[in-house]
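These notes concern the structure reproduced below.
For reference, chains read A, B, C and D in written order, and residue numbers begin at 1 within each chain.
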């Protein structure tokens, strides 16, 4: 089976035309890049060997090659789909190509993330390859996570998969995505991800990313949540990157739909990051929480955004941005936006940017810890975001990733 | 022999004087009460003895076991055998009570026997997985602080208002914790402690040897704890220190 | 004495050229207007009579025609300077023209607000007339406020004074500005105000505005604060307006300089308001506080912004945005920005948007108040911003204005 | 004659049951203590009697002076002579304590004699210009609430934990305020009150006629306040209500 596929051969000509028109359209936020310099990647030699040689790196981003406690696996090396399989009857894990062949995604494709949103969605549509489609069938509660992994190895190339997560009514699915780059390679990752959470369904989507200082990252994510549906997106970036900009757009369309969006960002060296998220509260009783924890070191610069737009009554939204500066040459900006278009809302925001608190350091030293130990405990604590409803196995994975990142600070 | 001796201590916080010429000493096996109204300097004295860097000693010395500890870091003082239970410990998000217990035990260099048993006995089980002091009630905060003291087993315990914001059931529980901590019912020598109290409710439990009364940043008098508490209850602090019998 | 003067006859040709180039440059925020429709106003008949006939309105915005407890008075009707006088030896209250003649402002003119900042500063430079210059001489602590008043009466006209407040070293000056419009008139108010706070000086600048639903307001304010200087700007808008956009820029250049910037906005009918402020913490020990209280009714729409940029160590900044919605068809957005370029900072932000809190209403009813009384008490309380350092007389004036506005809600 | 009679009262908050089949009555001139651990329903009962709309009565009735007040608004209940001092009143920015006092007096339709004198006596002078409860200490919050009761002079005072978070000096001050409020030292008839207490410290002052013990949302027993308090101190609430003598 030849897994190299091009999304565009299966999509209508309309997408291509739109994409071509948008190739020079800059994104709203983040550093503007010249996307023409990035090429489709060269084929990889011995992909499996490459994967197995990167076992440590993979573990760090939550990928278990033995697939223990995983309900399905998808991995992709540059443009090659390495694996797309499910071990659960209620769960489909397909490559995008296969999903088109099965006719299961035509109603969903580019419905949440427009192909001409900006130059990155355009380049994804024109040069991008493959991607996963994870579908939890109606009423199926998939216990273990589906693991997905994107591995970039070919220099100066673009990796732009188109991914979809569809949770049918009453279903539950956990997806953990690890993205990583071979240390030596320069490139652009510009994946598109569309998430559909149907009535009473629950999706958790955990991303642990390990880029390198030469990578540019521009994921484009859109999600729609129906009545009583619940979506949790937890984004963790622990390594330097050349530039990163992401801002998922989430539409809570059904009554009492909920979303929790959190980001833990450790930004080192000369990383330039712009991380946000916008939630539209479009039905009564919907609620959103956007949490970010940013740590900067060296000369890194991070902007955190968050936007909650309340369009319906009885809605709630909370944004929390905490920034911890561990070097005087780094920069943090927080730009939260609350917008109410209805009176019966509760929108709140809290932000704090600064260094470690002296009274907390003193308190811990008064219990016998050295200053250094106290600081390390506080940094680790700062990065912990409580995410209600995340399965134990994912919480553990995240804790592990955070601890390993904190020990390098 | 004096375990701790505070001599002519004057202390500033952000350039503002909070303690003036304080003298106080406590012998091995002794427990003293520190009384006084809000803002009289009781907590400042505790913070200075444990080594809070915000509290700058501008005059005087602190000796522990005849060693001058005035310039030591808090962790050094802890390693010598002093520990404090704070009146209002900071709330620290992301660090659970359990994690701190483990860290404190690991730093003390020895294990801690029957940890689970003591956890149950002290009623702090339900706090273990919670972030340190975040959303703790007054009583829970006190219990957590006292439990950490317990784990530490210090030669000198500094206990700042263990009874404030605590309800009637928990006062007696905290009283019992204190008795155990200070080894008041055991056969071996009792442990030393300075106990700050506003309310005096906890006084019954700790069998204090002396009570000191602080007013406006200095120790005004000391003497028999029962008599002093009675006077304060009757006349208030200002009147109490006018009494001739217990002048410092 | 003919008081009609044109700023530009006294300024260099360079300003005019720059302004002409910027005539089509939109402002960064707020509704974009076609400024060409607004003309220089027609001369007013019997200006003093007009003023005296508006005594009630004037009182509302803090103007006392008897000048009791005032150290100086400046008022301007459309383009005519009605009065510019000081009753204190240490205080100069001059018309802009006079100030140019005396040679006291050439080092300050357009140094903080560029003439080509946007089309409104451009139109102000080209069509605007007059303005006040208030100078507190070195070491002079002027006890009573200087009152200044801008009155617009000529329809379809632009009123664009250029104002300056200069507090020399160790001086103190309080300026209260009332702006108001004759009910029937449509127009654009686009004044430029530049404030210089020298070392150890203190300036409080209180604006109480009473526009009408046909007015467009685009004030442009810049301020510079030197070492140990203190600036308080308190802005109160209590009546509907067609559109309003303001965002003072404040530069804290000297060590330990402080600024407090607060806005109390009652927005009714179809008012469109965009109110903000940016503070640059450019020296060690500087601190800024930006507070806003916004109440919306009817179909009003308000955006509150606030931006603190910490460029130096040992700096502090706090932004607080509270929005109270009294109608379901109004809209409130809060967009605070915190930016740290140094690690030793304490930047915080809090925001809350919503309706009156049920537990507070219940509490007051449990003390015997009716629901309506309770709501009114809470609305009045919501509007009160504690401004440390404002003289009693101004606090009283503000309280009075707020109470009169609250009683109409 | 019963001044207040609570009959078979069940109450929900956000669909969750907080009170179950509560029965309680208080006569004219009587004072009762309401005891029980955290979460036992004491405050819920007070909130329901004063008419907090969050507390939905799903069963049972409340009678005041033989009138069914179950459906009345809080301000109507106040006008009939009930008033409450809250355990934790909300902090209200922009509204000073003084403003609220004025409003309460103006609503009561009669002046208040010797207001300044009483303000001094109660020690609330320094609170007058401050925003309501914002930054108040535990004790200050209690004093402010009690002062507002005082201004109101209700036939029935509902007093929720006047002693929690209060230091020793202030306990006696608050005790004295309560005695005055309830007219315990006067010649006329004493006023009625339901006093919730966790700690029991305030019990000495109010000469309660009965104590009720609540557990898990219902009244478990009642009886002699001194004996019940002693039992609770010794054995805790759970054990206390097992006692056979005072079953409801």
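Some observations on this one:
Keep this in mind: a residue touches a chain if its C-beta (ideal position, glycine included) is under 8 Å from a C-beta of that chain, and two chains touch if they have at least 3 such contacts.
Since the model is a prediction, treat every value here as computed from it, not as a measurement.
Minimum number of contact steps separating subunit B from subunit C: 2. On a Cα centroid basis, the chain most remote from subunit C in this structure is B. Once the centre of each chain is set as its mean CA position, subunit A and subunit B turn out to be 48 Å apart. For the pair subunit A and subunit D, the distance between mean C-alpha positions equals 53 Å. Averaging C-alpha coordinates per chain places the centre of subunit B 34 Å away from that of subunit D. Counting partner chains per residue, subunit C shows two or more touched chains at no residue at all. Shared interface positions of subunit B, defined as residues touching 2 or more other chains, are absent. Taken as a contact graph, the chains are arranged in a single closed ring, with each chain touching exactly two others.
Pairwise, the chains that touch each other are A-B, A-C, B-D, C-D.
Within the complex formed with subunit B, the residues of subunit A that make contact are 357-360, 362-371, 373, 377-378, 380-384. Of all residues in subunit B, only 50-54, 73-75, 78-79, 83-84, 86, 89-90, 92-95, 99-100, 103-104, 107-108, 131, 148, 152 touch subunit A in the complex they form. Subunit C meets subunit A in the complex at residues 313, 323, 325-328, 330-355.
Interface residues of subunit B, counted against subunit D in their complex, comprise 37-38, 137-138, 164-165, 167-169, 171-172, 198-201, 232-233, 236-237.
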